[in-house]
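So the structure is just underneath, and the comments pick up after that.
Going by the order they are written in, the chains are A, B, C, D, E and F; count residues from 1 in each one.
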Amino acid sequence: MTRIEEALAKATVLVESLPYIRTWAGKTVVIKMGGETLEDDDLLGALATDVALMKFVGINPVVVHGGGPQISDAMGKLGKKAVFVGGQRVTDHETMEIVKMVLLGQINKRIVTTLNAQGVLAAGISGEDGNLITARKALGSVGEDLGFVGEVEKIEPAIVNGLISSDFVPVVAPVATGPDGSYNINADVAAGAIAGALAAQKIVFLTNVPGLYRDLGDEGSLISETTADQLAKLLADGVLSEGMIPKIASAVSAIKDGVPQAHILDGRVKHALLLEVFTDEGIGTMVTA
Amino acid sequence: MTRIEEALAKATVLVESLPYIRTWAGKTVVIKMGGETLEDDDLLGALATDVALMKFVGINPVVVHGGGPQISDAMGKLGKKAVFVGGQRVTDHETMEIVKMVLLGQINKRIVTTLNAQGVLAAGISGEDGNLITARKALGSVGEDLGFVGEVEKIEPAIVNGLISSDFVPVVAPVATGPDGSYNINADVAAGAIAGALAAQKIVFLTNVPGLYRDLGDEGSLISETTADQLAKLLADGVLSEGMIPKIASAVSAIKDGVPQAHILDGRVKHALLLEVFTDEGIGTMVTA
Amino acid sequence: MTRIEEALAKATVLVESLPYIRTWAGKTVVIKMGGETLEDDDLLGALATDVALMKFVGINPVVVHGGGPQISDAMGKLGKKAVFVGGQRVTDHETMEIVKMVLLGQINKRIVTTLNAQGVLAAGISGEDGNLITARKALGSVGEDLGFVGEVEKIEPAIVNGLISSDFVPVVAPVATGPDGSYNINADVAAGAIAGALAAQKIVFLTNVPGLYRDLGDEGSLISETTADQLAKLLADGVLSEGMIPKIASAVSAIKDGVPQAHILDGRVKHALLLEVFTDEGIGTMVTA
Amino acid sequence: MTRIEEALAKATVLVESLPYIRTWAGKTVVIKMGGETLEDDDLLGALATDVALMKFVGINPVVVHGGGPQISDAMGKLGKKAVFVGGQRVTDHETMEIVKMVLLGQINKRIVTTLNAQGVLAAGISGEDGNLITARKALGSVGEDLGFVGEVEKIEPAIVNGLISSDFVPVVAPVATGPDGSYNINADVAAGAIAGALAAQKIVFLTNVPGLYRDLGDEGSLISETTADQLAKLLADGVLSEGMIPKIASAVSAIKDGVPQAHILDGRVKHALLLEVFTDEGIGTMVTA
Amino acid sequence: MTRIEEALAKATVLVESLPYIRTWAGKTVVIKMGGETLEDDDLLGALATDVALMKFVGINPVVVHGGGPQISDAMGKLGKKAVFVGGQRVTDHETMEIVKMVLLGQINKRIVTTLNAQGVLAAGISGEDGNLITARKALGSVGEDLGFVGEVEKIEPAIVNGLISSDFVPVVAPVATGPDGSYNINADVAAGAIAGALAAQKIVFLTNVPGLYRDLGDEGSLISETTADQLAKLLADGVLSEGMIPKIASAVSAIKDGVPQAHILDGRVKHALLLEVFTDEGIGTMVTA
Amino acid sequence: MTRIEEALAKATVLVESLPYIRTWAGKTVVIKMGGETLEDDDLLGALATDVALMKFVGINPVVVHGGGPQISDAMGKLGKKAVFVGGQRVTDHETMEIVKMVLLGQINKRIVTTLNAQGVLAAGISGEDGNLITARKALGSVGEDLGFVGEVEKIEPAIVNGLISSDFVPVVAPVATGPDGSYNINADVAAGAIAGALAAQKIVFLTNVPGLYRDLGDEGSLISETTADQLAKLLADGVLSEGMIPKIASAVSAIKDGVPQAHILDGRVKHALLLEVFTDEGIGTMVTA
């Protein structure tokens, strides 16, 4: 391209972003970052840029993060075996301590400092801060005791709203106040519940697959757009992969709570979030009411 | 480019805009649109997009427009000959009436409706509204009576600030309240004075040349960066073209009034404003203190 | 009168104004100024004083003006014949350009500068600014194409409210954003629609007759008080003069929209507005729900 | 006068008031009402109208009242003789109780209810409320013990400002918090000190003479305008009547504290306050810096 | 106690107050002080401390006071006999003047200065200030003319709310604006009506008995908790003492108006108010809905 | 004690607290909790009550905590030896990870949940959130490399102020953003720097000794009051114990930064904080300017 063509190409991209900026200004978007997304410094840096850009054009991003691989890793180092029942980590007291140390002491602050480096001010909190997430004890699918594993009982969004109105990007670790101490909450589920309580306009799940497939083995079967009702049917039919279930359930539930859009994106693609929010690029799977 | 490459290219442009958005958020930028810029619907549409994008990412654009060619045109239709002395239109009472009708009745509203069509709310005002511009009578360089041609005496920016804080893009026609009725003010000069009074962070002159040349005949001599002091010297040396003089004088004066940056851009290049504000593209001439 | 008697007479007038000031404080009053009112500098000056006094005692006046005679005049000068169908000006593209130039470039700014001279800050806008008035195409009574003549479709009062809360007197020219460019709106109708959208407490039509007559030929038959229902009947009966129809229709419609009072006053009487608003003088015709 | 002439005369008076309204809008005016003014229901009603009109056009009136005759009267009824030393009431404990009962229990509330009847909301307070006036013990001119007679030590204007910003007219009785209980303060002096502390723009003393005379016996020698310096000289020269001394001293002191204007008016003239504030009538004596 | 034990005891009391402070923060509590409470400087000082403490921990106390004994006393001194019909003071014009002088000139200011001495800012007002209490004429139980004795017709709480939001403790004397001048209102009734109009959370009647007794002669029959319905029954049964009737009627009426709690406390017990509001001590009689 | 005596004793304690509440309302108090204080659930619960009480009476408490013993404990469990040089923990990258996990993942949230249980809303943050604490690398006293041990370079208090104005109690872990990742900051030093940046009115160090002793071996030599200058001398003289040095240095530095008072209290005494803030009990050591 000549210099003029290049300039024009740049202008075209920026002009393309205008209607998206117009649409999303002043709205809240919840972004769930999976533990996988957090392992690559480059990816996390690109994500932080995307979140910063959202903040600067007037969107209120709220980050909720997981940390599964990092928790298992830490348990390994401490000679403790991770046990899963139906996809949920059995969480005894000691495990819960490790969960908190990894989520709050490692991952949360890593996201915060990466965002701060982009010139936005991020503030990391746990679901216990300001009673953001209250949990009740969850049981396994056949009634197993999973320990300190919780279901969301109530969201008190005041602390998140306070941080937003003080112009911070809240970064939330999915630890909740439970009946007898801290509880571990699935990060997808926490993100969906927070999106509902904040009356967010969008929730984005960044994961390690390109989106939802009609037929898991067939790359061409990626579903680019679907509805909460169709997803509820897939959930009921039991045809989803174990990792996809909480995302889909959380997307369905957030839409039921009034969040107009949910997205499942490949967090391993650099700037996937940016492209989804600001361009015509149709990537991943979009869910609407 | 493959689809992935295209997506990445888009992302790159958006990421490149981040530091510019960060820098300019909340700041006021005055944009002088010359009469030439306003004759082509496509160009005006592109300009409106640029201004809208600025507004949406948190910048406060203020448009000041001229209308020289359109005024001469209307005078011709009315069988009245345009007379210029030292680059300034001799403005008798009848001419002043035509000036107001063209600037306020045609051009101002054309810019307003084009901006409104981009989803921002624009509001057209004259320098007489809210006593925005008060003028004293100007004389020609050798003391000729130019009629209702004025020099800026005082700027009362309350109406512009009021519109900004009600979230409108002010569009200002350079007509002033003078000692004995309405006065005609050079639009470049009005833009500079308004930029100073608003404590704007930048003033952009959109004109019909690529920028300021060291040697007018030599395209390669475009000055991409200079200072107010160097320009003041050029003005004193009398080496500038007649059309460039008020722009340069106004740029120098705005910088003296505390506006940190002035730009002279080619308004005939689509999205020149956008590229200047949001990308690394070095176009036109930048003036700093 | 002796000096003491004079002083007492003055005091009496001021004291008489107190209950009116008390009643109208903080309320919005829309004032329609007809083109006729605007031709005499003295009258316009007196009107400006009245509007300024309203503003200073805490009323929010909003001026809407016409300009019929001035438009016809300008068309004559340009060798263009004014054509009316059923009292409405057939408005081709060229005529619309003249309408805008006269309304915005002449009349609007004349009112603004006359008000500014009284020490209030006035701001002139068109119905296109901030999308204040959106129009659809109007047809003549038997379906004739009237060109760019519009009916009010929607009022977006944000810009007027913004100016009021920044302490300006808005002065509105009845030009609207239509489906294919600017549209000409009857000023009486525009004033009524704006009064309704602003939830004004009163609309005053300043015209060139002393009020509404029961019997047009009989000066003694002036109706000093009537209701919207009675007026609606007069409209249906087809007994009103052509010039009175839009005023009466607009008064009826504003009252239907919740404006409690409409007045038809003789704008040729100096300070008619002042006397109506602040004294016990019963002048013109008052319409209530 | 014909009806038209009458209407015009009314309009003229209102128009004459415009520049005064413009000048005084938003400003604070302290009005000292002498005990004499308060004895005639008609006069008090007219005064209340004047104060109400001031409030409605955006002025902030603050009333400070005396009550000398009424206190002496009450003492008489209780068989207690009023004793004066150098114009100051010797105030033993019992007298102080009577002072409070008369000022707060009679006069203050009479002014409040008269103002309320005009449609403004008045609120009566004592100088002890919110520690508005703190007094130290005053001595007579040759050191006599005057009992609970005080000099102003400090004004805490918060309560008056709070009432003003809640849109009430404060009505202040000149009782102060002293070192050992309530103290009696000269109302002229209290008014002047409050005007200074409020940064009032004007203080008006309503009294029972037409103003200050150069030569007390000669009606033609009324001083219509003078300065604080000239008054200070008169005070020093000891040529003022006993009743005028505290007014003049207080006017001088308020002007020293930055109040631009003081007026001495004849409170027995109906609407004297109104005429002074809103018309060209030159009445009483005006003092400036 | 050892020094450590003492410290611990202190800490325990403070800790005990925490839940009460938490519950009452930001809420309005109306306190009726009977004339008896006001006769002992020590008691009044302790009460002022209690009110100040309430204010400082974020409660908005509003004091309403009576003055029966003091009024009768003043009447006696003036040689005027107090006449009561059915517990209500027959109030001729002269008596009404004495009522105002005593309530406003003595008692109200005494409470204000005692509160000011505790470091809160109190402001004394009458029910006539800002039209706080409007009364209609009351008749005796068998239709006797009681003179200027009123029933509450309307409460305009703006002045009280204004004082609260300016951080003052309002102290209200039960004098009302009536149809033909000032009216005397029972202080218990005034307090109840004000509590209802302010949407207070609690009203406390400080009186000269320990509370309400089931059997007046039996100290052991103190009712520590009851409901408005039960009290309404007692009222209907006519078994209450004359002094208790207005308190009970007012408590019942305030609760009907939405005030959740009423208390009847012995004002002669030092710090009874403090103990009721901030500790577990069950004193007096509590009434709930 | 009889019931009456008990009640009176309670009242006395509450009344004693009034002047303290009055003095401290609206002021910020920074509380440094040492790691030792945090090991006993009962003590922590009592501390949380004290902090809650402060919050409820209008004080803004800000908690800064350490965690030395807990970090050493965790390191032990992970088979890593804690190394100290001159009282400072040598912090390699792995240690820093443990520091963050313990401080943020364990201790910070434990304080937050204990406070939340008292009915205040607490929010736990790290010094990296919102760039609260920026650190530069610290060296040992003889230039040893201590790894990720930092000195405070800059405090950005926006996040703490934002939480305070949203009515949360901020709980800060002393981790900072350093030149190459997270840095470990001495909690005493962090607390002092934050107190200075917040313009706090008081800083309280809760520690495991009764205060500062003139002669460490002599219990009777407790210094109950001293000045920053005297402490600076003690620091220079090198006579302080290693654990006391950072407290004293931090107290001196906070006072230099304008904090009027610093306290060193025995955190092992239940409700020591409460007694210090709200009673006349003189406990611990108070430092003033």
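Note that a contact is a pair of C-beta atoms (placed from the backbone, for glycine too) under 8 Å apart; a residue touches a chain by one contact, two chains touch by 3 or more.
These numbers come from a predicted model, not from an experiment.
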Common touching chains of chain C and chain B: none
Both-way neighbours, i.e. chains that touch chain E and touch chain B: none
Starting from the Cα centroid of chain E, hunt down the chain whose centroid lies farthest away. B
Check C-D against A-F and say which one is joined by more contacting C-beta pairs. A-F
In angstrom, rounded to a whole number, how far apart do the mean CA points of chain A and chain C lie? 57
From the mean C-alpha coordinate of chain A to that of chain F, what's the distance rounded to whole Å? 35
What is the distance, in whole Å, between the centres of chain E and chain F, each centre taken as the mean of its C-alpha atoms? 45
Touching two or more other chains in chain B are residues none
Please classify the inter-chain touch graph. Allowed labels: line, ring, star, complete, other. ring
Considering touches as defined, can you lay out the ring of chains in sequence, from chain B by way of chain C? B, C, D, E, F, A
Which residues of chain F touch chain A in the complex? 77-78, 97, 100-106, 108-109, 112-113, 116, 121-126, 128-131, 158-159, 161-163, 165-166, 168, 175, 177, 181-182
Within the complex, which stretch of chain C touches chain D? 7-11, 13-19, 21-22, 25, 49, 52-53, 56-58, 118-119, 270-271, 274-275, 278-279, 281, 283
